[in-house]
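Naming follows writing order (A, B, C, D, E, F, G and H), and every chain is counted from residue 1.
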Amino acid sequence: MPVLAYVLFKVNSGTEREVCQKIVAFDEVLHAEIIFGEFDVIAKISASDLDALEDFLSQKLRNVPSVVLTSTMVVGREYRGKNQRLKST
Amino acid sequence: MPVLAYVLFKVNSGTEREVCQKIVAFDEVLHAEIIFGEFDVIAKISASDLDALEDFLSQKLRNVPSVVLTSTMVVGREYRGKNQRLKST
Amino acid sequence: MPVLAYVLFKVNSGTEREVCQKIVAFDEVLHAEIIFGEFDVIAKISASDLDALEDFLSQKLRNVPSVVLTSTMVVGREYRGKNQRLKST
Amino acid sequence: MPVLAYVLFKVNSGTEREVCQKIVAFDEVLHAEIIFGEFDVIAKISASDLDALEDFLSQKLRNVPSVVLTSTMVVGREYRGKNQRLKST
Amino acid sequence: MPVLAYVLFKVNSGTEREVCQKIVAFDEVLHAEIIFGEFDVIAKISASDLDALEDFLSQKLRNVPSVVLTSTMVVGREYRGKNQRLKST
Amino acid sequence: MPVLAYVLFKVNSGTEREVCQKIVAFDEVLHAEIIFGEFDVIAKISASDLDALEDFLSQKLRNVPSVVLTSTMVVGREYRGKNQRLKST
Amino acid sequence: MPVLAYVLFKVNSGTEREVCQKIVAFDEVLHAEIIFGEFDVIAKISASDLDALEDFLSQKLRNVPSVVLTSTMVVGREYRGKNQRLKST
Amino acid sequence: MPVLAYVLFKVNSGTEREVCQKIVAFDEVLHAEIIFGEFDVIAKISASDLDALEDFLSQKLRNVPSVVLTSTMVVGREYRGKNQRLKST
């Protein structure tokens, strides 16, 4: 069963769009969004297991230029909304 | 164009699952996940505009029992991952 | 010279509007807004000096029902935007 | 209807005044203040919609030299203080 | 392979010792310490997998009386100190 | 050699003064101040050693009514200002 | 009446002692301590008024090399401990 | 009696493994782990007393290249889990 995680990013000022374009090029990144708040970008990640997740974060995602800081939230359990039950996330 | 937002929740200890089941019953909630980290639950919301989002958060979502604290991140721009480009989020 | 301060509020879930209506009734509150983010409400305060500010916060503002937590940022220096230079804040 | 937002800034040590002078030169910045606390500067922004806000933040505001980190709080609803009801913010 | 995690706790004022005594009674808790800082207690947890971790946290650990807030950090990779290489953690 | 520590407090809204009056009655509290910011009160503590500090915090200070949350910063090394070198802190 | 404030510092890794030695050379700094926790150093400041405090922070204190980030808590009201009532702070 | 402490690290993006390898080479580091969350690495430290801890942190640990920020939690009291009572930590 794959491990899902959300990653919040702070990036160098003014590089939000560039970072998003780079990270969605990785197979592990399901989608990314520029957000307003304490963090600049959120991305949803899928990895085969915790080892693969650690490997992806430390060897690939965090090496993307202009990524200053990441905060990762591993998903423990998923709940679909009413209108999403026939679709994959 | 609808407004998307992620909401992070801290909930009363031990009520994570119950809160998730309740919030995915709202039309505005696309999906919710129990997460490991500083927050307990994350949900993705879709509202028709900022007014409707404020209304949904203050009148419905934050009134769900056991929700202690929420932190909202409005989405400014979306990027799809390679494997997601044919699917809706 | 009066002391200005911004106060950020976390309020009981679902009471944002009620809290705003109550706090703008105080003379010291210039305006209040419901915000999306880590905090729920922001208000701008004007007090005659630091003593009066401490008094207003501890004796009045923080005693408003449903106010759970406040974080105060005293203003050190003001800069007007180009379109605001003829108006008071 | 325009979108309002507060932006909190951390700036390079000792550049608070310089950053304020630069950001109030943008049409979108209503006013800015140097503050005491976790953040160094707060500014109030007005943009035509969420897209324009994202554009302004990522392309202009966050590119101001010495801006290290921003945290944005989109306004959902406004309340005027008693003494402010005849004036614009 | 078991999943390891650190859990940081804020507990009701004055209940640190009582909470520690209760949580070390669970098989999943390797050890707990009262700490000085933003959090009151830290514990190291071992669970068979992410599902079991989520289950333990939401059904057992977070239901311990006086636990107000937890923040969980899942371990991705372990490194032993020089003097620890012959011992288990 | 005694252990010194600063303790930051969040207290129930409107109880700052009452909490300060109570905590300065303890021998271990050198002084306390109501502050503007994320926390409401700061106090400087002196204890005979780390054990005594833990004991004082968990058995006395955190049991003061209206204290919601504390964050402790143990002092590692002291530096006196020029005008303070002849006085004790 | 002078304005008192506590300033919390994050400094470049390994420069804590050097920063403390530099900041206690300013007349406005009553004392400084290296602390264990989220921040590295705390200092107590006395300035003639809020303007002078803003001036001291932005023009002097935050320009000390190796100071990365400061967080300021202006003091609203002071309470002396039992054993401190005959001494100045 | 030795002083124990947990240190949380933020490190330069992509250097987690390198930092862990370096810090476990110090005698004072019992073990280190790469973690998912707000911080990147956690380490458990043992020092002879608070002075030695301050010395180790400011002169050695925080000087490790790629360490950006540390947050230290001094241990006040330890509790062993049921399965750990015959082993040292």
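To be clear about the criterion, a residue touches a chain if its C-beta (ideal position, glycine included) is under 8 Å from a C-beta of that chain, and two chains touch if they have at least 3 such contacts.
Computed from a predicted structure; not experimentally measured.
S.K.: Does E-G or A-D have the larger number of C-beta pairs in contact?
M.R.: When A-D is set beside E-G, the one with more contacts is A-D.
S.K.: If you average the Cα atoms of chain F and of chain G to get two centres, how far apart are those centres in Å?
M.R.: It comes to 16 Å between the two C-alpha centres.
S.K.: Just give me the whole-number Å value for how far the CA centre of chain A lies from that of chain F.
M.R.: That gives a centre separation of 40 Å.
S.K.: Quick one: report the Å distance separating chain D from chain F, using the average Cα coordinate of each chain.
M.R.: Chain centroid spacing, chain D to chain F, equals 35 Å.
S.K.: With chain centres taken as the means of their Cα atoms, state the distance from chain E to chain F in Å.
M.R.: 27
S.K.: Which residue numbers or ranges of chain C touch two or more of the other chains?
M.R.: Correct list: 16-17, 34, 36-38, 53-54, 57-58, 71-74, 76-77.
S.K.: Each pair of chains that touch: what are they?
M.R.: A-B, A-C, A-D, A-E, A-H, B-C, B-D, B-E, B-H, C-D, C-F, C-G, D-F, D-G, E-F, E-G, E-H, F-G, F-H, G-H
S.K.: Can you check the complex and tell me which residues of chain D touch chain F?
M.R.: 36-38
S.K.: Quick one: which bits of chain A touch chain H in the complex? Just the residue numbers, please.
M.R.: It comes out as residues 5, 53-54, 57-59, 62-64, 67-74.
S.K.: Which bits of chain F are touching chain G when the two form their complex?
M.R.: Counting only chain F, the residues touching chain G are 4, 6, 16-17, 20-21, 23-27, 29-37, 39, 42, 71-84, 87-89.
S.K.: Any idea which chain E residues touch chain F in the complex?
M.R.: 10, 13-14, 16-17, 34, 36-38
S.K.: Show which residues of chain E lie in contact with chain A when the two form their complex.
M.R.: Contacts found on chain E: 3, 50-51, 53-54, 57-58, 74, 76-77.
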